[in-house]
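First chain A sits with chain B, and in the next complex the same chain sits with chain C.
Take a look at the complex of A and B:
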């Protein structure tokens, strides 16, 4: 019985976290999977929910200013229900909905109600159809995006810009992940030395990774500008100024360099923890066996850091493939977009939410497979 | 006992007052504290006049405006009145999220003819009007008098042609002094567009297919980029290490720029020592400029459309007078332009006249969304500017991909 109580209490404790993860992580994943097969448009979400005064709408559509002496026959001849719904009420119709309205919308009742002043009330699109459709009203109850099957995916495979962005993401990852891992390892070894002021170095290595990405991007925007610091330094050794971020061949490497600088410090902490976990006795034993300097580093320390290396490479791979904020702030030309940036612009700027979802689903699978392969290569089972 | 009656009475009166007033919310982006102050003054004036009937609440939207507005519209909690920029208004209008205003125009006899047709065009669809512009700007030619005098070049006139323009730019270009004739953006279709219109070209055909491949268009685009790549008289703000055209002009790196009233007030404030004049844009076959405007719109999800329109009427009348005067921007109502005698101001006059021959900045597309097209075109323009591709090649690419760039899905 006591055991049972604990069980309940446990679930109560994790309930808030579960709810948040379910709502903001799990649910969106499934919804975007669904959207990837549709042409979802967020702006149409309220199509059947927005309220209007039906009399106002009819008066405007039929160009009736005075509600006296109206002739039903005359009004009926001017009334096109499909046109009224699409243009006046702003509801987009699918071909089968158009057919249904032509057949089942009771225009006569609507016009008679209008003349009898019975339409002078607020209602939503869904309510309007519920009242005036003799049949099929359920087809008009809420916005359902059109089902496209695999259309978004076939479009994606034919989209050269998508492949370009994927290439950019992969190049970004292939360059940044190894360099940031090695750099982090070197920084960690340096920060692990017993020298004066080592705390200062640890701090300065770590600061970039806790600084806001926006602030760092702004600093690098100035550094990379044509009259910026980097070009001035290069100018002294006779290299002509380059507009690093506007030039399509230098923009991505420039952001890569910045990304390495910001993330190396973060991973340094991981390696530092690993280094401090290595038993002193092992190091001493290796020294007794004659392992010095580089030999000790490569043959003893690095193998002992294998779990940390696996962790850093996995996180680095995922992080670099998904890089977004720095691209968003610094990249101006779309041939330098990474896939996550391309997903963003498709969803929130081009109005192609369905297509963006399809790329996101593909990209999710892509990263997952890469991570699985990478886990096989850098096996970590023996350490955890 | 009497105390209680008094308290209850007061509470009832308070409640009655609270329920009698309809609350209308007004949303928009905030570009400067001065603008926010001006809008607050307008809102206060409205609330004074409509006390007890309608209460206008100003709720500026911070951050990425279109993104936030889209999510508010899809959740059904967008403000009752909000700004829409001409460049993307159609995207919202064509999705059905914006309420047509024709009924209210008729009901309240709203004077539509007081607005120039060119200012209303970006907000019309299917013969209905979805918004009325609050203010507008046009592009004019700014010239640095000191540099013109120094290199002995005559000031621009209102009859300047492209040839006069190029001739002056060549005379004003002195790379040794760090001075170029002209500042241009390297990747902005909306700045190339006036050249296209001046050359008798157009952006789209009546069926919304692209006209950018037409000879007049290609010729104009070629002229624009030749100013940089061939004649070498134009540099972009980035080329000389400045942020934007106003900055480039203020630092006297270039003798001429094409910009709007925002650059005028920026220069007066930040570079008071620079002596400059303004003239209409040079013309070729036609006179043309770009119009930038922002409208007030009401969403279909608004619960108080009638009250919202009344508030909008005020914002477009007395409110516009207060707002434009405080901010120094140009009102869209001809009646206000007249009553405030703005045409007697030689500088404002040039900006205002632009609306008669100018074209509002927006690209008509089937879905109303032109962001993808713009991203692609502007990227290609950047490549022409930096010599990585030619105008002919870029235009071939634009024309062949145009339909897929503007498709709704």
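Take a look at the complex of A and C:
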């Protein structure tokens, strides 16, 4: 009996969090998958919900200026229901819907209501169909995208811009992750040399990682300008000024450098915590065995930091593959977009949510595979 | 041997100093620009300020100190509030980050406690499933979430902004790990004394998990404060923007108001630095190591 109490309490305690994750992570995966096989269009999803005054719409469509002495027969001959719905109400119809309207829309009733001024009220598209369809009104209750099968995917495989964005995401990840890891490790080893002012260094390295990517992007927008600070400093070592962000060949590397700058400090703190946890006796023992300098670093210290390396590399890969904010703020040319940005643009600028979902689904699978490979590599390394 | 150590330490100092400069100079530069006037007057004649000027001609022996050869001013910080609804954006961001943090503290702790301390059928299966969702990148699921919010009529509202973020798997995982590290004996003793499950959660285990609560609060608050993608998707009117969204306001297609933009960037960063400085211990010790257990 007591067990049941614990069961109920358990479900009660986890219910809110599980519900949120189910609703906002798990369910959307399936919806994304469904969207990817349709032509889901953001601009059309409101079509059946948007309200209008039916009287005004009919008057406009039938070009009636004066509501007196109207002849139902005459109006009926001018009234094409499909035309009215598509052009006047602006609702896009699928072939089966067109057929249904031709068959089931009660034009007579509509025109009679119109003449009797009964249509003078606000209604949504869905309500309109509920009233005037003799059958099949449920086909018009909400926006249902058209099923396309694999059309989005074939389009995607032929889309050179998609491949370019995927390439950019991969390049971004493959450069940024190792560089930030090595840099962080280097800084941590330096900070671990019984150095004074470690607190100051930690703080100054950490600040970029607690600053929002929006603010950082704005600051670097200034620094990367052609007459900006970075070009001035590089000028001292003889590198000519470049308009970093406008030039398609330098824009992505510039954002990558900024990303490394943002995260290296945080990862350094992670490594430093790991280094400080290494027992002194281990280091001393290795010293007695004659391990010195670099040898000691590679053969003794790095293997001991394996959990931290795995953590940093995993976080780095996840973060860099999804990079969005900095791209949104700093990248001007489409050919430098990453896949996340391309998904965003397709879904929210062009409204092509079906196509964007196909890219998202593919990208998800791609990231899963990469993560599995990375896990295998890291676990294999631990045999050495 | 002594000498070797000596050189190693000198090299370390150089490396650290150089990187400290690299790390801080963008902020210092942003600060210099933020206190530079847009125009200033010499003998009644208006002068423009070139913020791209090199070197930045700083003179701290004058009053007010000079930057870019012009007298520095704090007026850009006030102007940020005049030309944009900046106060409103701060409020929105506080509401967003504050509510999300509070909700996470409650819901993640509930779930974390249950997964650590209570036995019920399906516990491990559900937990594994939840952990699996950590692999799902946000850009992949954002379209359905947005459409869901639209159909709930929550687009461009606080509800829409906050609701999808009120619980997180990372958070409940952190809480679970912490509850698991609390010795079971305390629980058992309380059980023998007749304490119910809720009392054990509230009076025995949670007070001991305070460091975990603090860590969760800091990370959630910072993550939400700095969040950009979700506000970008869900907010559409100026008075619903968060600070990260607002920054774009100082950049038009014709002209960028650098001084104001830098002032705004610094304004939104300062609270994070204050939090970091006052809670540094939580960050460096609990933060890094407990994340590591993940």
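Throughout what follows, the second predicted complex is superposed on the first by the 371 of 384 C-alpha atoms of A that agree within 3 Å, B and C clash if a C-alpha of one lies under 4 Å from a C-alpha of the other, contacts with A are read in each partner's own complex, and residues count from 1 in each chain.
What we mean here is this: contacts are C-beta pairs under 8 Å (C-beta built on N, C-alpha and C of every residue); 3 or more make two chains touch, one makes a residue touch a chain.
Not measured: the values here are computed from a predicted model.
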(request) Pick one for A:96: touches chain B only (first), chain C only (second), both, or neither. (result) neither
(request) Scan A:227 for contacts with chain B and chain C and give back first, second, both or neither. (result) both
(message) According to the stated criteria, A:348 is in contact with first (chain B), second (chain C), both, or neither; which is it?
(response) both
(request) Between chain B and chain C, point out the one touching more chain A residues. (result) C
(request) Kindly classify A:78 by the partners it touches after superposition: chain B alone (first), chain C alone (second), both, or neither? (result) neither
(message) Which partner chains sit in contact with A:87 here, chain B, chain C, both or neither? Use first/second/both/neither.
(response) first
(message) By the touch definition at the top of the document, which applies to A:52: first (chain B), second (chain C), both, or neither?
(response) first
(message) Taking the superposition on A as described, I'd like to know which of chain B and chain C A:248 touches: first, second, both or neither.
(response) first
(request) Classify the contacts of A:154 with the two partner chains as first (chain B alone), second (chain C alone), both, or neither. (result) neither
(request) Kindly classify A:44 by the partners it touches after superposition: chain B alone (first), chain C alone (second), both, or neither? (result) first
(message) Per the definitions at the top, what is the overlap between the chain A residues touching chain B and those touching chain C?
(response) 45-46, 225, 227-228, 348
(message) Going by the contact rule set out above, which residues of chain B touch chain A in the complex?
(response) 64, 66-67, 70-71, 73-76, 91-92, 95-100, 102-103, 106, 126, 128, 186-187, 238-241, 299-301, 303, 305, 367, 369, 371-372, 375-376, 379, 382-383, 386, 388, 408-409
(message) Looking at the complex, which residues from chain C come into contact with chain A?
(response) 4, 8-9, 11-13, 15-16, 19-20, 22-27, 29-30, 33, 51-52, 54, 107-108, 110-111, 113-115, 118-121, 123, 126, 129-130, 133, 135-148, 150, 164, 166-167, 169, 172, 197-198, 201, 222, 225-229, 232-233, 243-245, 247-248, 250-251, 256, 258, 261-262, 264-266, 268-269, 272-273, 275-277, 280, 283-285, 288-289, 291-292, 294
(request) Would you tell me which residues of chain A are touching chain B in their complex? (result) 39, 41-47, 49-52, 56-57, 59-60, 65, 87-88, 90-92, 148, 225-228, 243, 246-248, 332-335, 345-346, 348-352, 354-355
(request) Quick one: which bits of chain A touch chain C in the complex? Just the residue numbers, please. (result) 3, 5-7, 9-11, 13-14, 16-18, 20-21, 23-29, 31-32, 35, 45-46, 186-187, 189-191, 193-195, 200-208, 210-216, 218-223, 225, 227-229, 232, 261, 265, 269-270, 273-274, 292-293, 307-308, 311, 318, 321-322, 324-325, 328-329, 339-340, 343-344, 347-348, 353, 356-357, 360-361, 363-364, 367-368, 371
